[in-house]
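In what comes next, chain A is part of two complexes: it sits with chain B in the first one and with chain C in the second one.
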Partner chain A sequence: MLSRIDAQTTRPQTAARIRRSTDFDLTLPALGLLVLFFVVPVVILLARSVTEPAPGLGNYAELLGSSTYLRIFANTFIVSGLVTLVSLVIGFPVAWALAIMPSRAASIVFAILLLSMWTNLLARTYAWMVLLQRTGVINKMLMGIGLIDQPLPLVNNLTGVTIGMTYIMLPFIILPLYGVIRKLDPAILQAAALCGANRWQALTRILLPLTLPGMAAGALMVFVMSLGYFVTPALLGGTANMMLAELIAQFVQSLVNWGMGGAAALVLLVVTLALYAVQLRFFGTDRMGGG
Partner chain B sequence: MLLNFDRLGWWKLVLVGITLLTSAFLLLPILFIAALSFGSSQWLIFPPPGWTLKWYQELFADPRWLESAWTSFRIAVIVTVLSVLLGLVTSFGLTRGRFIFREALKALFLTPMILPVVVLAVALYAFFLQIGLNGTLTGFVISHLVLALPFSILSITSALEGFDKSIEDAAVLCGASPLEAKIRVTLPAISHGVFSAAVFSFLTSWDEVVVAIFMSSPTLQTLPVKVWSTLRQDLTPVVAAASTLLILLTVLLMVLAALVRKGLKS
Partner chain C sequence: MKKKFASAALAAFLSTALPAAAAEIVFSSWGGTTQDAQKAAWADKFTEKTGINVLQDGPTDYGKLKAMVEAAGVTWDVVDVEGDYAAQAGKNGLLEKLDFSVIDKSRLDPRFVTDYSVGSFYYSFVIGCNKDAVSECPKTWADLFDTEKFPGKRTFYKWSAPGVIEAALLADGVPADKLYPLDLDRAFKKLDTVKADIIWWSGGAQSQQLLASAEAPFGSLWNGRMTALAQTGVNVETSWEQNITAADSLVVPKGAKNKEAAMQFIALATSAEAQAELAKATGYAPINLDSPKLMDEALAKTLPDRQTANQVNADMNYWAENRDAIGERWYAWQAK
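Showing the complex of A and B:
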C-alpha cells in the first residue's frame, strides 16, 4: 500500500523534473549575448546610414550616384564571380577524383585540404604576397624557362586577388561537391554505358546534370563568402580594385564617416542575405547533399 | 564507368593530374613559408642563399610579438571555455525544448557565421566606442565569442541530436538529479561534439583578424593584428617565422583532434 502511494507521488514528480529540464530558458544567455552584441550593434550601424549626417537617404544617393563607388561594387562582383568560376572549374574534377579514388590516396588529399583550410588566413595570404611579387619565385621561374622577359605584375591587381582568393575558397567548393558525387549511384552510369553512351556523353548528359544543384549551391556559397572578404583583397589587390568590405572599413576607420559606412554595410548585407535566401529556397540544406 | 576509378581509362590520368596539381597548389605556399622562415636572405629569395634562425631570434627578442601572442592565447582560451559552456546550455535548450520559435532561434544563433565579418566588426567597433570596450580584453572576448559560438552550437547540437535521450531519462528515473544525469551520462556520450566545439572555438578566436583589427589598441593587440600591421609595411621574413609558428600550432591541433577522435571511437 505504502509503496503504491510512493510510486504514484514520485512518478509525476520525476516526469516534471524531466520536462522542466527541457526548457527554452536555457537558450536565454546566448540569446542575450547575441542580441546585445550582434543584433543591436548591427541595427544601430544601419540606422546611422539614414540619420547621419542628416536624416534621409542622402548616403545611399551618394553611394549609388558616384562612379567611384559604383566601380567598387562592380569590382566586388567581378572578383567574386571570377573566383567562383575558377574554383568551380578546378574544384569539380578534384571532388570527382576524391569521391572515387582509393581511400588511402583520398585521405592524403583530404588532409591537405583540411590543413590548408585551417592554416591561418594571414599566413596563407602572406605566402602569396611573397610568391607573386616581382622578384618572387613564380616570376623567376617563368623567366628562367624563358616564357617571359619581364616580370609579370601578379600582385596588387586582379590577378593577385583572384589567385589568393581561389586558394582560400577551393576547399569550400571541393568538400560539398565531394559529398554530392559520393552519393550518386554508380548503377546510373553503368546503365548509361549499357545503353551505348560513351564517356563524354555520360559526363555531359548524366554526371554534370546530376551534380548541377550541388555545383550551384557550392558556387553560390563561395560567391557570397567572396563578396564580404576583407583581408586577402586588401593585401593582394591594389588600390585600383578595392572591394566592398575594404570600402566599409575605410569609411569607418580613415574617414570616420559612419553614415556612408552604414550605407555600404547595408548594401553588402542585403546582397548577402538575398543570395542566402536563394540558396535556401532552391538548394535547401538536404538537397545540397542529395544532388 | 565514370564513378569507377579503375574503369576511367585515360580520363583517370587527367583527374589524377588535376588532383595532384591542386594538392600541390594548396600545400606548396605553406611549405614555402616554412622554408623561407629559415632562409638567410632578407629579400625572401628562394632557394635561400643560406639557412639561419635569426628571424626566430628577432621574433622572440621583440616583446611586442610575444605580448601579442600571449594576448591571442589568453583571449582564445577564455573564448573557448565560454563558448563551450554557453554552447552546451544553448544546445540543450535548442534540441530538447519544445517551443514555437525553435527553428528561427537556431537560425539566429548561426547568423554570425554567414554575415560578412566586416559588418560585425564595424558595428561592434561603433558600439564599443560608446560603451568604452574598445582595446580591452573584454571587448576582444565578447566579439570573438559572438563569432565562435555558432560553431560550438552546431557541433554540440548535432552530437545531442544523435544521442538517445531516454538513456538520460533512465538515469533520472533511477534517482539521479537531471543535472547529475546530464553530467554523468549525457556529457560523456556527446564528448566528441564538445571537443570539436572547443577546437573550432579556439581556432576561430586564435585566427580571427578582421574584428581584431578594429578591437585592438596600441597597447593591446592579438598576433594576427600584429602580423597584419607588419605586413602593411613590408614583407619581412619575421612574418614568415611568425606564420610558421601559427601553422605549426594548427598542425598540432589537427593531429590532437585526430588522435582524440580515434581515442573516442575505441
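Showing the complex of A and C:
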C-alpha cells in the first residue's frame, strides 16, 4: 500500500527529471560539434591574428591604417548595399505578384525560384559571365537591334558583380516578403479604397508600412550574406572592386599570412554578428523567412 | 568535381584508417587539362608499375598545405606547386627533403632542382592573341603595354608570382640580364599605365575563356594554354618574344604519410618517358634533358625549351627570398 502511494507520487517527478536531463543530454552532441567546428577555429583564428607574425595588435593596426584595406572594407559595404537595394526593388514586385497569383501559377514561379537556388553557384556565376561578356548574348542582342555600336563593359567590374550577386540573392528577399504579403488581409485595401485613398496612397500609406518588417528582414539578410560573398565577386568583378572575402583568400592562400587573414576575417565576423544582433533585436527570429 | 571530392574524402579516411600501408598516395595539382595529363602520364603508369593507387586531389592551396603540416594531418603525399613557392616552403620547414637515391637527378634540368623539390614541367609566359578579334597582334611586351597602338583590354595573371612584373620591366626597356633585383617602383609605374585596361585571370581555364571570347583579345598566358586553345580551333597567335620561363615543382609536405611511395612517384614522374608524355599532352616543356629525344620533332619544337634564343628566366631564388614583400605590394597595388 505504502509502496503503491510512493510509486504514484514519485513517478511523475522522476519522469520529469528524466525528460529534463535527456533534453539536455540530447543537445550535447550538437553542442560539442558546434564548439569543435565553429568556436575552436574562431578562437584559433583570433589567436593567430594577435600572435602572427608578432604578438600584439599590429595586424589590426595595419588593416585599419591602410587606405587600400579601408577601401576594400568600404567597397564591401557599397557592393552589399547596392545588391540589397537592387534586390529589394526587383524582389518586391515579384513577391507581390506571387502573393496575388492563382496558386497554380505561383507554384510554377516558386519552382523556378527554388531550382535556380539549388543550381550550383559556380555554374550560375559562369553562366552570367557568358551572358555578360563583350561577345555575350546581351551585348550581341543590343548591338543587333542597333541600340549600341560598341559592346558595353558589363563584366569584370561593379556592374557584373551587382548583376550576378543580385540574381543569387533575389530568392532570399522574395521569400520573406512573400510571407509577409500573404498574411495581409485583402480587406485592408478595400477599406482604404472605401475611405477614398487612391492607388498611390494605398501603396505608400498602407502596403509599404505593413510590409516594412518583411522588407527589413529580407534586406538585412541579403546585406549580411553579401558581406561575406566570395565566388561571384571574384569571378565577375575586377580587382578594383575587390571585396573583403577575396582579400582574406589572398592573405591565406597566396601570401600565407594568417595573421592578417585572421584579423580581416574577424573584422568581418564582428560586423556580421553586430548586424545579425540588430536583426534579432528589431525583427525577431519568427519573422525570418516569412514564418 | 564530385569525383575529386569523393577521392579526397576517401583519402582522408584511408590515411587515418591505414597509416602504415602505402596502398595509395594522394597527389594534388591545379586541376583542369594539366592535372588530367599528369594523371594519364604519371599516376596511371605509376599504379601499373607499383600497384600503388594514386588519388587525385586539388587544387593546390598553400594555406591548406601549411595547415596540414602544422596540424600534423598531412593528407597530400606529392604536391604540384609553383617553383618560387617550393624554394620558400623548403626554407620554412614545410617540406620533406627529397631522396635523390630514389630520384635520379643526373638528367634533370639543374635550374629546377633543389634539396626539397624537382621540376614538374616548365612553362613560359607568352603573348597570346585572338587573331579574329583584332587587326594586329602585339608581338613584344612593349607592344602589350602600348595602349595607343593596341587599344582594348589585355589580360594578365592575377596572383603575385614571377611573370607580370618581369614583363612590365622588359616592356619599359630593362635589359633581360639586368632584371634582378626587380625594380618594383619602376615596374608598378609601368603597370599603372595599363591598369585600367587589365582584366586579371586567376586560373588557366579563365585565361583561355577571356582570349577566346575576346573579352580580352590579347594578354600574357601560359604557353600550354595557347597550345590547347589552338587545338580547339580558336584562331590564335603566340609570340615567343622574350618569353618568361618559370616552372612548377613537385614537393612532399613535411610529415607526409607515404614518404617512400611519394619519392618513387616523383622518380617516375621526372623520368624521361613520363616527362615526354606530359609534354606531348600539355605543350609544356619537360624538365628531363633526355625527354626531347623521345618526342616527335614537330611537337618538340613548339615547346618552351626550344624557344631559348629569346628567353628570359625568372629568378626563382630571388622570388623565394622576396615572395612575401612583393606579394603585399602587389595586392595593395591591385586593389588601389
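By our rule, the second predicted complex is superposed on the first by the 263 of 291 C-alpha atoms of A that agree within 3 Å, B and C clash if a C-alpha of one lies under 4 Å from a C-alpha of the other, contacts with A are read in each partner's own complex, and residues count from 1 in each chain.
The working rule: a contact is a pair of C-beta atoms (placed from the backbone, for glycine too) under 8 Å apart; a residue touches a chain by one contact, two chains touch by 3 or more.
For clarity, every value in this text was computed on a predicted model and none was experimentally measured.
Aligning the shared chain A places chain B and chain C in steric conflict.
Contacts of A:144 after superposition: neither chain B nor chain C is touched. When the two complexes are overlaid on their common chain A, residue A:56 makes contact with neither chain B nor chain C. Contact with chain C, but none with chain B, is seen for A:156 once the two complexes are overlaid on the shared chain.
Counting the residues of chain A touched by each of chain B and chain C gives the higher count for B.
Contacts of A:209 after superposition: neither chain B nor chain C is touched. Of the two partner chains placed by the overlay, only chain B lies in contact with A:100; chain C stays clear of it. Using the contact criterion defined above for the overlaid structures, shared-chain residue A:32 touches neither chain B nor chain C, since it reaches no partner.
Touch criterion met: A:238 reaches chain C, while chain B stays clear of it.
Once the two complexes are overlaid on the shared chain, A:71 sits against chain C while remaining clear of chain B. In the superposition on chain A, A:256 contacts chain C only, with no contact to chain B. On chain A, the surface touched by chain B in one complex and the surface touched by chain C in the other have residues 129, 133, 135-136, 252-253, 258, 261 in common.
Residue ranges of chain C in contact with chain A, taken from their complex: 61-64, 66, 158-160, 199-200, 202, 209, 213-215, 324, 327-328, 331-332, 334-336. Residue ranges of chain A in contact with chain C, taken from their complex: 66, 68-69, 71-72, 129, 133-136, 155-156, 234, 238-240, 242, 247, 250, 252-258, 261. The touching residues of chain B, when paired with chain A in their complex, are 1-5, 8-9, 11, 14-16, 18-19, 22-23, 25-27, 29-30, 32-33, 36, 43-46, 86-87, 89-90, 92-94, 96-99, 105, 108-109, 111-112, 114-127, 142-143, 145-146, 149, 153, 169, 172-173, 177-178, 182, 203, 207, 209-210, 213-214, 224, 227-228, 231, 235, 239-240, 243-244, 246-247, 250-251, 253-254. Here chain A touches chain B in the complex through residues 14, 17-18, 20-31, 33-34, 37-38, 40-42, 44-45, 48, 90, 93-94, 96-102, 108-109, 112-116, 118-124, 126-131, 133, 135-137, 140, 167, 170-171, 181, 184, 186, 189-190, 192-193, 199, 202-203, 206-207, 224, 227-231, 235, 245, 248-249, 252-253, 258, 261, 265, 268-269, 272, 276, going by the rule given at the top.
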